[in-house]
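Chain IDs A, B and C follow the sequence of writing; residue 1 opens each chain.
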């Protein structure tokens, strides 16, 4: 169960409400049965809802004491006795919806904290919550029901749409954002890109960074991640794109819709991603690349060239996954082998 | 010598006090000799204490002008004339203790800065120091003598034990912490994990993250590091675990006691570490792994499988250190060799 | 064109002023022609100035509608009709100067925001701007015309020279900085280094970190980057050194003049860099290394040994670039090759 100190509960809820949230049909006789909340399959009790994350967890399901389980039709018969089977197309999505039924995200508490600093000509939509010590610069515009956390900074002239959540210590300058955008703690949006020119005397002169950051609807930027503004023109994160924590996005990077960028990834300036590109943790992309839609880039990959749509690459330097796995296998074999004066690396022998 | 603008000194101190702090015995005739502070072996003068960090620095010891040196019994005879030998089991540990004698960590200055924002129902232990613009949420509980720096945020309901240090700009939400826990500047504890489910239309729906972060006694989290809270259940850093700067800890990661995690490491969700695991800089661990106690993971390693207790791995993908060194050696040899149409990669030929 | 909500313009400007800013000579007849601003070659219109970044963009130049272009003498004849050629030694540098003519960095607005907290004995130079909720500790000294952003923290006793820019949420403690130093959003200067000694009982005792951070003139530290202070002695970034975002600098690292350190690089304790060293993104350097002047370290490189002046290395473990490229080529070939029981890893066999 979620700790009530941190997660107030709307429960108990009747199964009818649970099924409605999940988009599942249930036997009418069960509709009034009440549940307290959600839990993992292995820990759920009779008053809790769990979900089955694929066939590999069938054993856990059979042993589960959960009162109800969200699962797909083909696995529904595996639910043990006493556990109501809630059949859905995506148990994970349904679980998200049911969890949000029990623990809805706290609605904004309308008002401006007395310690907040609001600039001249700021427009706040209906029902915004502005937290302690938040700073909103002159001429900024926020839509309805935005939550701006403690110490957050929205710079002069920025625009955010409705239902945005700017968590504590996040900052955004030179930024235009859509609806339902979330910036997590300490995210840095719109900082100066890394651009400078050397002088003949060996000094560096900053090239004025005169662009913006455009965040599409439902973009999320993780804790302490950085998205630099464009040098000229814009850095763009397409609608639904999600960045995990400690990600670096260089100036003039452009992503399409629904890209997923895992923690500690770095993308250098002017690289462009299509839609639904996924990049696993700690991968790095050099600048000015083109990454096709639905391409998948492996953890710690070092991408130095374009990637075609739908292609899976990994390794540093990156290559197609099949090749990288083979190369890794060879490398392991090399590792298991005592080096000698001979092949493959030593003094050439015979005709080699 | 430490800059007195930043490090007030308790000195001068008699050698008797130094020896007591270090747990060293000294000749009685030296007990009253006074010292001003600590310094590296190469720079210490007659009024300063240095330490010998192993046999490889014996030459530096012989040339040193230090007035006293902390060293092990077997190397004690190497101290030059005029340099008092303070024999201890661990010179490094003794040095830490002697340095803290001269420059004790500033005690909290009891009180709440007038610009701080303290929520309803907050419990502060005896002697806490709450800095300017700090924010403590409703119902939070802090033990005795905690120091909360400027702009730090402790969210509603969090619990911290005695003698915790929350440095400037750090934030902790959904967190239960033990005694003597330290969060360095900009550390982010308890943010939402990276969990979401796709809809049929290609949108992503956040899976409510309903867990907590549990920090054991004496845990330290480095500057701008991020520890996400559990999705369901908890993310746990065991007692004494230390994270360097810019580290990423995913939701539901669990570490044992005394793990050491160097800068820019990333650990994905639900991976579990035993006790005293060490992970060198920039290494990455995928999710749902089990890393045995006292395992050691090399810098930039990419760990994609379980690691047995006491095992040393490195490389990306990670393999046992001995194998990785050999593989690297082979790779260097390959690098030194002109590629040809033949082996090792091309069409296989005859005797290769 | 730069968005006027974020970038107020000094334009229009006569070409004479543009040429003066760029150090270019122009035909007298053109001096009075006016321009509105700067733009990329492909987007610039007749009222805008672009620059030619080398021969590879000659086609873009020929197709450009720009009213004027900054370029080198040898390419000047390629400017299309109606596009004034402004001949300069470095078009990139000249572009930086012209962009700054149209969009000068906003001068500090002299004054201390009423929500800022200024300690006892603070010295502020002429014309400083201290933003909302900024905190300046006792005894700190700032030169003339410094800008301290919202929520920034300058700790007790720190010293900054003239014309420094401390952006929002940045913090600096135990730090002495020169003139024209810039800390970007959330940069962390002077935190405790990662130093501790184990006790016989398996606890870790922090070794007091008693050094400072010294930042030379014109140093820049990127968003959310961390520079730990020295353990004993100092961490030093030499004049003109630039750190991108999310960089980690360990205690007692010393860099020379004009080093360029790209995003997410990590440098471990006590490593020393000469002048004009460049380190590409996500590279890692272990501690106590010596990196010679003008050495260049590739993206994601893992440097475990000294690097000679002027040497280029890459790969993990790092090797000379030429060797690393060859090794990568071999690795690609290995990847393209089906593994077998035979070579290159197993027992060599005749017919393989």
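The rule we apply is simple: contacts are C-beta pairs under 8 Å (C-beta built on N, C-alpha and C of every residue); 3 or more make two chains touch, one makes a residue touch a chain.
By chain, with names taken from UniProt: A, B, C = UDP-3-O-acylglucosamine N-acyltransferase.
Only a predicted model underlies this, so the values are computations on that prediction, with no experimental measurement involved.
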* When the CA atoms of chain A are placed over those of chain B, what is the turn angle between 0 and 180 degrees, to the nearest 5? -> 120
* Where chain A and chain C touch, do the two copies share over half of their residue numbers, giving same, or under half, giving different? -> different
* Structure fact -> Per the C-alpha means, the centres of chain A and chain C lie apart by a whole-Å value of 27
* Asked: Among the residues of chain C, which ones contact at least 2 other chains?
  -> 115, 133, 151, 169, 186, 224, 246, 264, 282, 300, 316, 331-332, 334, 336-337, 343-344, 348
* Asked: How about chain C: which of its residues touch chain A in the complex?
  -> 2-3, 5-7, 38-40, 43, 89-90, 92-93, 95-97, 99-100, 103, 105, 113, 115, 131-133, 150-151, 167-169, 184-186, 218, 220, 222-224, 240, 242, 244-246, 257-258, 260, 262-264, 276, 281-282, 299-300, 316, 328, 331-332, 334-339, 343-346, 348
* Asked: Can you list the residues on chain B that touch chain A in the complex?
  -> 115, 117, 133, 135, 139, 151, 153, 156-157, 169, 171, 173-174, 186, 188, 191-192, 194, 196-200, 202-208, 210-212, 224, 226, 228, 232-233, 246, 248, 250, 264, 266, 268, 282, 284, 286, 300, 302, 304, 315-317, 319-320, 322-327, 329-334, 336-337, 340, 342-344, 349-352
